[in-house]
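In the two complexes that follow, subunit A is the common piece, with subunit B as its partner first and subunit C second.
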Partner chain A sequence: MKIYFVVSFDNEYDLVGATQDFRNNGFNILDAYTPYAVHGLDKAMGLKPSRLSKICFGFAFIGLTIGLYGQYWISAVNWPINIGGKPWNSMPGFLPIAFETTVLFAGLGTVFTLLWRTGILPGRKPKVYAPAVTDDVFALVITEETNTFDSEKAENISTKYHSIEWHEKLESE
Partner chain B sequence: MKTSHLLLTKKQKVWLEIFMGLGVATFFVGLFMDPTRTWSNILLSGYFLTGIGFCGIMMVAIHYVSNSGWDVVIRRVPEAMFSVLPIGFIFMILLYFGMHDIYEWSHADVVATDPILAGKSAWLNPTGFMARLVIYFVFWILVGQKIITKSQEENSGGSSAIGLSAFWLYIGGIMFIFSSFDWIMSLEPHWFSTIFGLYNFSGMFTSGLAFLMIALILLRRNGILKGIVKIDHLYEIARYLFGFTTFWVYIWFSQHMLIWYANIPEETVYYIKRHVEVFGSLTIVNILLNWFIPFSILLFRKTKRNEKSLLIVASIILVGRWVDLYMMIFPPHYKIPVFGIQEIAIFIGTLSLMIWVFVKTFQSKGPVPENDPFIDESLHLHT
Partner chain C sequence: MADHVKSIREPLVHGNKNLKTITDDVVGIMDKKPTGLWWVGFFIALSALALGIVAVSYQIMTGIGTWGLNKTVGWAFDITNFVFWVGIGHAGTLISAILFLFRQKWRTSINRSAEAMTIFAVMCAGMFPIIHMGRPWMAYWMFPYPNTRGPLWVNFRSPLAWDVFAILTYLIISAVFWYIGMIPDLATVRDRAKTRIKKAVFGFLSFGWSGSFKTWHRYETVYGLLAGLAAPLVVSVHTIVSFDFATSAIPGWHTTTFPPYFVAGAVFSGFAMVLTLLIIARKAMRLEEYITVKHIENMTKVIILTGGIVTLSYATEFFMAWYSGNGYEQFVFLNRAMGPFAWAYWIMVGCNLITPQFFWFKKIRTNMLMVFILSIFINIGMWFERFVIIVTSLHRDFLPSSWVMYKPSYVEIATLIGSFGLFFTLFMLFIRFMPIISIGEVKSVLQYKGRSGGQK
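Right, the complex of A and B next:
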């Protein structure tokens, strides 16, 4: 059985400090919830850089290929039409459209990958550990196996960083 | 706080002076041997310098207007770049003596027999050219100096320069567009392109950013800005650079594609000169240097956060800017590219002068605006 330890702070500096301290003491951090983006939190949580940029590049490359090859196939292979005496395969004229398909594929592909990987899909029931994070509270959620969780140590760290509130929650609840 | 470090050793200073001297000597010898080539080089160097100085004060103004905080610790560097602008003024004023050698429209007898040039003579005439040149520079320098004075006064609690910066950006930017029409586009007075000013603006911005980047990295290595300017600040400049090299190719291609598409003889004449023989390969080199190589290197987060790769990219872009200007200025007069001692000596001399002035100005002021309200935010920049 898993236990969730939810601890709240009233400013970002305590949150970042506590996050670092919890991690240094070997606690497993599930996530941090803040009313706005906090600089340096990703480093404190030990998050790896996002891999989305690679996905974005891949989709952009696919978009570029489809844009270029599509136009080449349409205007030079399948239905050649003489426009203004230009060659059928006229690269400069294809580039703007290839650019647009690149952006379209990269943008949509990245967004849908993000939605799919994070599971933010319609009808998803949100897990709210500390409702006050939607207002002005910074919350940190730590998850451990019930039998290995050192609740005294966790409470000590929380007090050290002026936590305003903490509570424990079991998986079944 | 005055800078106590010496930025240049005695030996380096001597070298700079030698290069400047060689540049001046080449200029005078060149005047007798081949005036057209010499004046083209002076125009190139002058416009390059103007771009660096213009970009310096523009960076200061943009960051004032956008109320940004991250740039405060690096602000004294673009402010020192501004001191290069008066040198550009001197170079461009010199053109008064070389006007007849490079500008076709400055010959009254040619204009009289050419209906197109006669129609444009209300704008393109020597008096108007010089008058506009002076107006541009006087505005850029006087109002720019005011912005910088205000920024310096902030150290002793003066007011901010936001309104003045907005005014400078608006008027100064329009003037830059017209200055590129006047100085560069009028080399081929029969031809015109309305995007030409923007094209030069993008080149000016990338070269200015590249110079700023090199200056910051060297100042960090020197120790003056070590620990103050973090890799995060360089990362911000690198992102600018990444965006604006792409902007450059975007504008380059926009101009090229529309002319290619319309295929009207009076417009294509510009690209025919630049797309055949040796100039044709130079066009490819131009795009490689100004866009493809910087874009490929700066695409990754790791390279944008690495001093060494940034130094390489910035140097490539500065060389690319020279090639870009060369492609604008030389083809009207030369069928095959000319490159030799003259080009090298004058440009190296110009660079030495630029570095000398930049270092002197930077050293005369404190390296960091200590009492700026945003200084704390800037010191703690996280990216």
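Right, the complex of A and C next:
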């Protein structure tokens, strides 16, 4: 049996403070739900920097390779055509398109990785713990095993940070 | 509570907003009936689009012999429109990507509409080279794919092939950047929707966005990465467009200053178009508290800067023509200023050099009607800049016996009007059916980021 403790705040400062406090007290934070990207919450939740920038670099590299090698292979290997006496491998002239394929692969690759990794896909239904989190409510969800959850302590922290509402939800998984 | 977050800066949005009122204001537009001004604008735009559809269908069925082109002037109206529209798009990416990287928070109220403008402008631009092919149903031949014609591959040494890749990449990346930025707001619309259809449509469009901070965290990273990719991309696009001219050996085109000259001109014209659109949009959609006079002022300042670069480019061109000692180059530039197309040249100089100078005065910068009128003058001037560069460099070539004049046919003019129709129709639909202001981003730049708007 797992318990979900959902606590809502009406501003980001209380949310960040409470998150930090919950974590210091050893609570297990599942996620927070906010109307916009709250700065400093990643540190309070202890999230590591995203690895997507490395993914982006990887895709950029693939794009550059395909752009450069593709043009070289087409123009110099597969079917060389003499255009204005220019060399078959006109590498400087291939750079503009290679740049564009680099940007295209990096951009699309990163976005598709984001969608796949976060499960943000067309037709998906959102998991809602608290209402109005896309409007003006900042919600924090804590999840623990029922027997280890200290609900009195959790409620104390919630009150300390002017929580507007909290509730507990049991879910057997 | 609010004391420690009070800033000495002026607030970015007016009207003492809090999180709830921002949602209500922006999403409310989509629920309310549109204003009369919106209907007027939409109807004019739709009529222009209809004219354009007729003109384009006619010239595709008949052939581009319906244009005013001749043996000497092989590029004129069509390519002018293409360069003009590509340039318009640049301001959107500048606002959404470059100002983001510079942490200019005022961009949050205008970036959504400016990005939409970019996409629509690039769509208008892309239309012209496709029509210019004469056989637009063969447009897919521009892509390098294995085929049974040899295989006959694309010539990658041609700047026109570079254009295909640059414009398409620009369109795709801008559209993705715009849509990714809109997902959280679409979720806000979904969660407020009352009707079943609206719930279903926005539920689908918002990709199941739940506001999860773990998603936000990655999302912010990707947003920054896309901004970092879009910034050099936008510079590359107009650079490559300028290569269409600069890599040729035509006097007046064959110059190394073209890439920076074109990029600055693009930002200049793009900001003028953003001003034209936003002054209409803030009025028609009653968004004066979000798109404030301060926003308009900031944009006019960008116009002063880029207008200055454009002025410098005009002067440099003339200086280099004289200093190079090249007779052909000198002739082309004297012909521009004093030849049969001198009227076009002086419209260009008048609109692009003199108009921005008015923006030095705060009285004019803060007068919306004046800014609107001046922005239209810049739009006209920048259209004529491309016309002057293209037509005056061609119409009197190396052989005086082939010198001719160029006059656009009514089909070409109708196509230009049609492209404006397409642009404004899409923009009008966008401000009516999509969140025109980036709700999440505006919320994040409020002074007091809570429910009560600092009243606590």
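Note that the second predicted complex is superposed on the first by the 171 of 173 C-alpha atoms of A that agree within 3 Å, B and C clash if a C-alpha of one lies under 4 Å from a C-alpha of the other, contacts with A are read in each partner's own complex, and residues count from 1 in each chain.
Assume a contact is a pair of C-beta atoms (placed from the backbone, for glycine too) under 8 Å apart; a residue touches a chain by one contact, two chains touch by 3 or more.
This one's a predicted model, so the numbers in the text were calculated from it and none came from an experiment.
Chemist: Do subunit B and subunit C fit side by side on subunit A in the superposed arrangement, or is it a clash?
Modeler: Subunit B and subunit C clash in the superposed model.
Chemist: Going by the contact rule set out at the top, does A:A32 touch subunit B (first), subunit C (second), both, or neither?
Modeler: second
Chemist: In this superposition, which partner touches a larger number of subunit A residues, subunit B or subunit C?
Modeler: Counting residues of subunit A touched by each partner, the higher count goes to C.
Chemist: A:P122 contacts which: subunit B (first), subunit C (second), both, neither?
Modeler: second
Chemist: When the two structures are overlaid on chain A, which partner does A:G93 contact: first (subunit B), second (subunit C), both, or neither?
Modeler: both
Chemist: Contact-wise, after the overlay, does A:G40 reach subunit B, subunit C, both or neither (first, second, both, neither)?
Modeler: first
Chemist: Have a look at 42-50, 186-194 or 240-248 and say which bit of subunit B overlaps subunit C after the superposition.
Modeler: For subunit B, the listed stretch overlapping subunit C after superposition is 186-194.
Chemist: Check subunit A for residues that touch subunit B in one structure and subunit C in the other, and list them.
Modeler: Residues common to the subunit A contacts of subunit C and of subunit B are 39, 49, 53, 84, 93, 96, listed in rising order.
Chemist: Across the complex, what residues on subunit B touch subunit A?
Modeler: 253, 256-257, 260-261, 263, 301, 382
Chemist: Which residues of subunit A touch subunit B once you look at their complex with the stated criterion?
Modeler: Those in contact with subunit B are residues 39-40, 49, 53, 84-85, 92-93, 95-96.
Chemist: Can you name the residues of subunit C that touch subunit A in the complex?
Modeler: Going by the criterion above, the answer is residues 1, 5, 18-20, 23, 144, 150-157, 159, 161-162, 165-166, 169, 172-173, 176-177, 180, 183-184, 187-188, 190-192, 203-222, 225-226, 229-230, 232-233, 236, 240, 243, 439-441, 443-444, 448-452.
Chemist: Residues of subunit A touching subunit C in their complex?
Modeler: Listed in rising order, the residues are 10-13, 31-39, 41-42, 45, 47, 49-50, 52-53, 56, 70-71, 74-75, 78-79, 81, 83-84, 86, 90, 93-94, 96-97, 99-101, 103-104, 106-108, 110-111, 114-115, 117-128, 131-137.
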